[in-house]
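What follows is a pair of complexes built around chain A, which joins chain B in one and chain C in the other.
Let's look at the complex of A and B:
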């Protein structure tokens, strides 16, 4: 498994390599990687389904259980087949969709990287691996949604998607860490085998659900998904069917059998799922752009699957997995077909499309089959899965919450049928009214509303066969798998056992005889047709693409920026002395806190002075230091500081540090020399500079900082708890390093690398000094030169240019 | 560590703080030097009791060599930093004729200007 993921990574890098140069080879190369993955998964399937589960580990910090850890169980196999299969088809379709473009390398690389990240999610066994791949899909989807990076719409949509799913990913991380601590393991399979319980677990599960809801575009985080259709159509098809939005469902499907009965799990899943199901359905009815209507439809369908997979009973889990497959197939088909229509007719606006059934017969057939699967009309896979779902919901054994789920799903399904017919008829039907456009918006001369005419079907060019291949295969699968319900159901039962062993006995049937689910289905379809029929006129005149949630999000985003600006205006006054003052006061406060938190009694045994010589020496050092404050001239101040430093060297000597004393002497001398060199150029006196705070405040700050630092020094000197390593150095110095001066031995031998670092710092500082001084000299020379030139020009003599 | 030494740490740290809060770069550099002295003295005196030099063969009590080695490095690094800052002061003087630290105009402007409205693109 790890070589396959690495292959995705390599393909990602290879495809990105050409940059903006044309790379027509990129998409076929990228498509090969998921195709190989698909083949490998097929070859593994029989052994995996018989319980021989391969796993792979790449350890990073084994002590903390961190690393990449993968496991290919039945469900991972199932999702892997969907991700890589649809991925291959989408990439092949893209070669026809995009034709010649210069940035296909980028598109191919991002798509294959995205596919790899998604495979990581469905195969992840380590909790950390799950999070890492989760965030990788957030990042790659951000780049894919914003692929048309010159469009503000695409950029904005990409940012929305990234912020929402990225923040959800952080919630997921917090939840996974809590679960890992509670369960005492970082392995997902072990965690699910022995699920913890309790308050902390409930909190963790709410966090995990928050992550899943953002990723799977569940209410109230649903708004990023319709916006994400700013991406090119093949990307949308992949994002909406096999990847990204399925990631949240994958996590819910894995967790639900173990955790559904813990805390608020079922209540949250059912309420968010049903809200998304109904809201998405309503909003899909109100769109005129077919792709946008499909996008809102995805929100709705995701809500449906969220309820099924989240309830966690064997029946609903099984039906949910069947629905995952059906949805991936028909949603990808529909998006890809809308892409074909858009390409051939030049618009996706359902008010302008007419007569396509005759102009594009193959595409029309494909759309009809996929729509039948979406609306759960027999004999498609969508119908079989929906039957199973209704059957499972009738018998959840969960009481009220099961009934609520059933009623909500029946109501939502009526909407699904209605918007499906609307989209199919809108794309393929006749008598399009055309779009009324306000004249002003088109820059006209003010004669009122204009009509953007319906598309003339005779001008629609037929798409190439390659273009239709991918949607054709997917639509055929929707149909064939529906007809072959029995073997498919058997295979799905083997797959789903890895989620919940109790699903082993489940099966799918195309015809179950007349029973309650069938009656419900018939009722749903009838009610759906009726709702479409009665709203068909009304829905033609509405166009409400902008959702309230998006507006709220944008407003929140704007106020966040405005708030940041205000905070910056208050906290960043631009005055460096003020910043330094704040930093020093903070340091003082931190030291004082540390001092007060530790014991202060120890200070009682501190002597007043170590020797009689110490007091006058210290007094002299301090006086010289204080004199620096009053110095009017730069030179005087520098010399006073040097004097204070020389005195300090003698203090070091008294402490028993002759090496320090020598160094201090040398450095102090050098400092004075450097000061003299620099000060020779600078003005003699300090100018009284405008001050950022009154003098007394600066004095108070200085006194406070001085006293806390000294208090901290006293506290530290009395707080030693362990023996110094200095004793070891003293003992080892002569036998190990052959030196008697221990300080020197530490510097050049025991801690030789530190000294090497120090020398490097000095070299860098020296290089900086040389360059700054040179730059300053150059500038002065240029200034003198230009002054000279002015003189020469005035005197009319030819000038000479120096470099 | 004695109270006398602690008092010297207090004076050096306080005077250094006062100097670095100035606007003149030369004074800030002097202040940094003084803060460096304060911290070096702190590490040396808080880290070990006074004693004989840490040389093999000296009589006990011997001073701890570790703080000395640390401080020796620190003295040299402080010198490097001061030289670098001094050359910056010199360069600053050649550019605008003084060595004062100006207020950051960009920060001021950011605080005063209203933000640009964000383009959220076409409604979706």
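Let's look at the complex of A and C:
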């Protein structure tokens, strides 16, 4: 498995390598990688389904259980087949969709990179691996939504999607860490085999669900998905309908059998899922862009699958997995077909599309089959899966919550049928409802734009066979797998066993005889047709691509930025006395706390002086420092401070620290020189104290902080508990580091890492100075440019007036 | 003698510094290499070299710094890179980070020569310290230039205005006289 993921990584890099140069080979090369993956998965399938689970480990920090750890169980195989199979088809389709463009290398690279990350999610066994691949899909999705990087809409949609799914990813990380601690393992399979319980586990599960809801665009985080339709259509088909948005469902499907009964899991899953199901259905009815209608439909159906997989009973889990397959097939088909229509007719606006059934007969057939599967009309896979879902919901054994789920799903399904018919008729209808001259004029686009709508079949150019190949294969699968329900059902049962062993006996049937699910299905279809028929007139004139949730999100985002500006304005006042005051008080408080918490009686045996010379020296040092306080001029203060530093250097020398003394002398000298250079450019005298910090406050702060620091220094030197390392250093200096000056050897060898850190800080400070100077120079040049004109004007105009 | 910023400079100081510079440079390098066995080291050596640069600046003005034609950021980067490289080098050999290696040579005539890898680390520190002090110095030079430019602009404005007045007045009188 790791070589396969590496192949995705290599293909990602190879495809990105040409940069902005044309790379027609990139998409076929990229498509080869998921194709190989698909082949490998097929070859592994029989052994995996018989319980032989291959796994792979790449250790990173084994002590913490960190690393990439993968495990190919039945469900991983199933999802892997969907991800790599649809991935291959979408990339082949893209070669026809995009034609000649210069940035196809980037597209191909991102697509194959995404495919690798998605495989990582479905195969992950390590909790950390799961999170890492999860975030990788968020990042590739961000880059793909913003693929048309010159469009502001695409950029803001990409940012919105990234922030929402990224924050969800952080919640997921927190949840996974908590679960890992609770379960005492970082392996997903071990965690699910011995699920922990309790309050912390409930909190962790809520966090995991928050991550899953953002990724799978569940209410109230659903709004990023319609925005993500700013991505090119093949990308939307692959990421935002068939695969990536399933990542949340994958996690829920894996967790639900073990955790569904813990805490608020079922309540959350059912409420968010049903809300998305109904809301998405309603919003899909209110779109005129076929792609956006499909996107809202995706939100709706993700909600449906969220309920099924989240309930966690064997029946619903099995039905949910069947729906995953059915949905991936028909939704990818529909997106790709909308791409074909868009390409051939030049628009996706359902008000302008007419008569395509005759112009594009193959595409029309594909759309009809996929729509039938979406609306759960026999004999498609969608019908078979939904029958199973209704059957399972009728018999959840969960009481009220099961009934709520059933009622909600029946209601949502009516909407599904209604919007499916609306989209299919809108795309293909010969006399599409709503397309009249008056409506077009009222919509603001004018009759001229409307008359360009390709009503004439001969005006629509037929797409190439390669272009239609991918949707054709997928639509055929929707139909064939529906008819072959029995063997498919058997295979799905083998797959689902890895989620819940109790699903082993489950099966799919195309015809089960007249029973409650069939009656419900018939009712849903009838009600759906009716609701479509009665809303045709009403939905003609609405076009509401932006939702309230988007507006709320945008407002929250704007106020966050405004808040950040305010916090910066308050915390970064630019007042030097304030900064220094905050630093001093913080340091003083920290040291005082440490001093009070420790044993204060340590400061008892104070060594007052080691030699008689020290007394006058220290007195002089202190005197010079005190004299600084009396200085009115900056210059005097700087010189006095330097004098105090020199005295201190002599004290070091007396104590037998020549290295320290040399450094102190040099630093003191340079400091004074630099001080003087700066003072030459400042006012001669100090500013008077600002009103918020009068002199007495400064004195109190200085004295208290100074005494605390002195006390801390005395206290720490008196309370040594461990052996001094000094003797070891002295003994090791010559043999280990080849130096006789132990101070220097400590700096460059024993504690060399510290020195490296210190000089890094120094380097950063130096770079900061250089950049400040450069920024000032740039500003100066800009100002000069504008000033220069002004100066010319000012010096030019009077003389002209004069002459 | 006057610098570009218009301040007076002492020729005696300039000449003294000229003579002193090579001595200071040699001393700074000596300090750095001596550090391993006696008081000194890269930090002290770097400071002495930086002091030499500052002295030249004080004696001869911004030209002293500008004529060096060295970007301080290059010195800072080179010093840090050298120190980091010396630190990571032993890792390639299976050693510890910053582990010292000691090489001994026996060149003819001089006798035994010993080179310790941490001397290279000290050279990195030395170069970096010079770079940081020079960065500060360049900031002052830039400030000087700015002041000089502003003065020049003000001077130009004033002389332009004065010139206009001077040429304007006779102009009118001349024309008046001709009339």
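Points to keep in mind about this one:
Just so it is clear, the second predicted complex is superposed on the first by the 595 of 803 C-alpha atoms of A that agree within 3 Å, B and C clash if a C-alpha of one lies under 4 Å from a C-alpha of the other, contacts with A are read in each partner's own complex, and residues count from 1 in each chain.
Here is the rule we go by: a residue touches a chain if its C-beta (ideal position, glycine included) is under 8 Å from a C-beta of that chain, and two chains touch if they have at least 3 such contacts.
This is a predicted model, so every value here is computed, not measured.
Contacts of A:597 after superposition on the shared chain: neither chain B nor chain C is touched. In the superposed model, A:748 lies in contact with chain C only, and not with chain B. With both complexes placed on chain A, chain A has more residues touched by B than by the other of chain B and chain C.
Judged by the touch definition given at the top, the superposed model places A:760 against chain C, while chain B stays out of reach.
By the touch criterion stated above, A:736 is placed in contact with chain C alone, chain B being left untouched.
When both complexes are overlaid on chain A, the residue A:769 reaches chain B and chain C alike. Of the two partner chains placed by superposition, A:537 touches none, neither chain B nor chain C. After overlaying the two complexes on the shared chain, residue contacts for A:670 are found with chain B and with chain C alike. Judged by the touch definition given at the top, the superposed model places A:703 against chain B, while chain C stays out of reach. Of the two partner chains, neither chain B nor chain C is touched by A:400. Contacts of chain A with chain B, set against its contacts with chain C after fitting on chain A, overlap at residues 658-659, 663, 667, 670, 674, 678, 681, 740-741, 743, 747, 755, 762, 765-766, 769, 772-773, 776, 780. Residue ranges on chain C touching chain A, taken from their complex, read 35-44, 47-48, 50-51, 54, 58, 72-73, 76-77, 79-80, 83-84, 87, 97-98, 100, 102, 114, 116, 118-119, 121-122, 124-125, 128-129, 131-133, 135-140, 142-143, 146, 149, 153, 156-157, 160-161, 164, 168, 171.
Within the complex formed with chain B, the residues of chain A that make contact are 151-157, 226-227, 229-230, 292, 545-546, 550, 554, 557-558, 561-562, 565, 568-570, 572-577, 580-581, 584, 606-611, 614-615, 618, 621-622, 625-626, 628-629, 634, 637-638, 641, 644-645, 648, 651-652, 654-660, 663-664, 667, 670-671, 674-675, 678-679, 681-683, 686-687, 689-693, 698-699, 701-703, 705-707, 709-714, 716-717, 724-726, 729-730, 733-734, 740-743, 746-747, 751, 754-755, 758, 761-762, 765-766, 768-769, 772-773, 775-776, 779-780.
Every residue of chain B that touches chain A in the complex is listed here, in rising order: 1-15, 17-24, 26-27, 30, 33-34, 37-38, 40-42, 44-48, 50-57, 62-66, 68-69, 71-73, 75-84, 86-91, 93-95, 98-101, 103-108, 110-112, 115, 117-124. On the chain A side of its complex with chain C, the touching residues are 658-659, 662-663, 666-667, 669-670, 673-674, 677-678, 681, 736-741, 743-745, 747-749, 752-753, 755-756, 759-760, 762-763, 765-767, 769-770, 772-773, 776-777, 780, 784, 791, 794-795, 798-799, 802-803.
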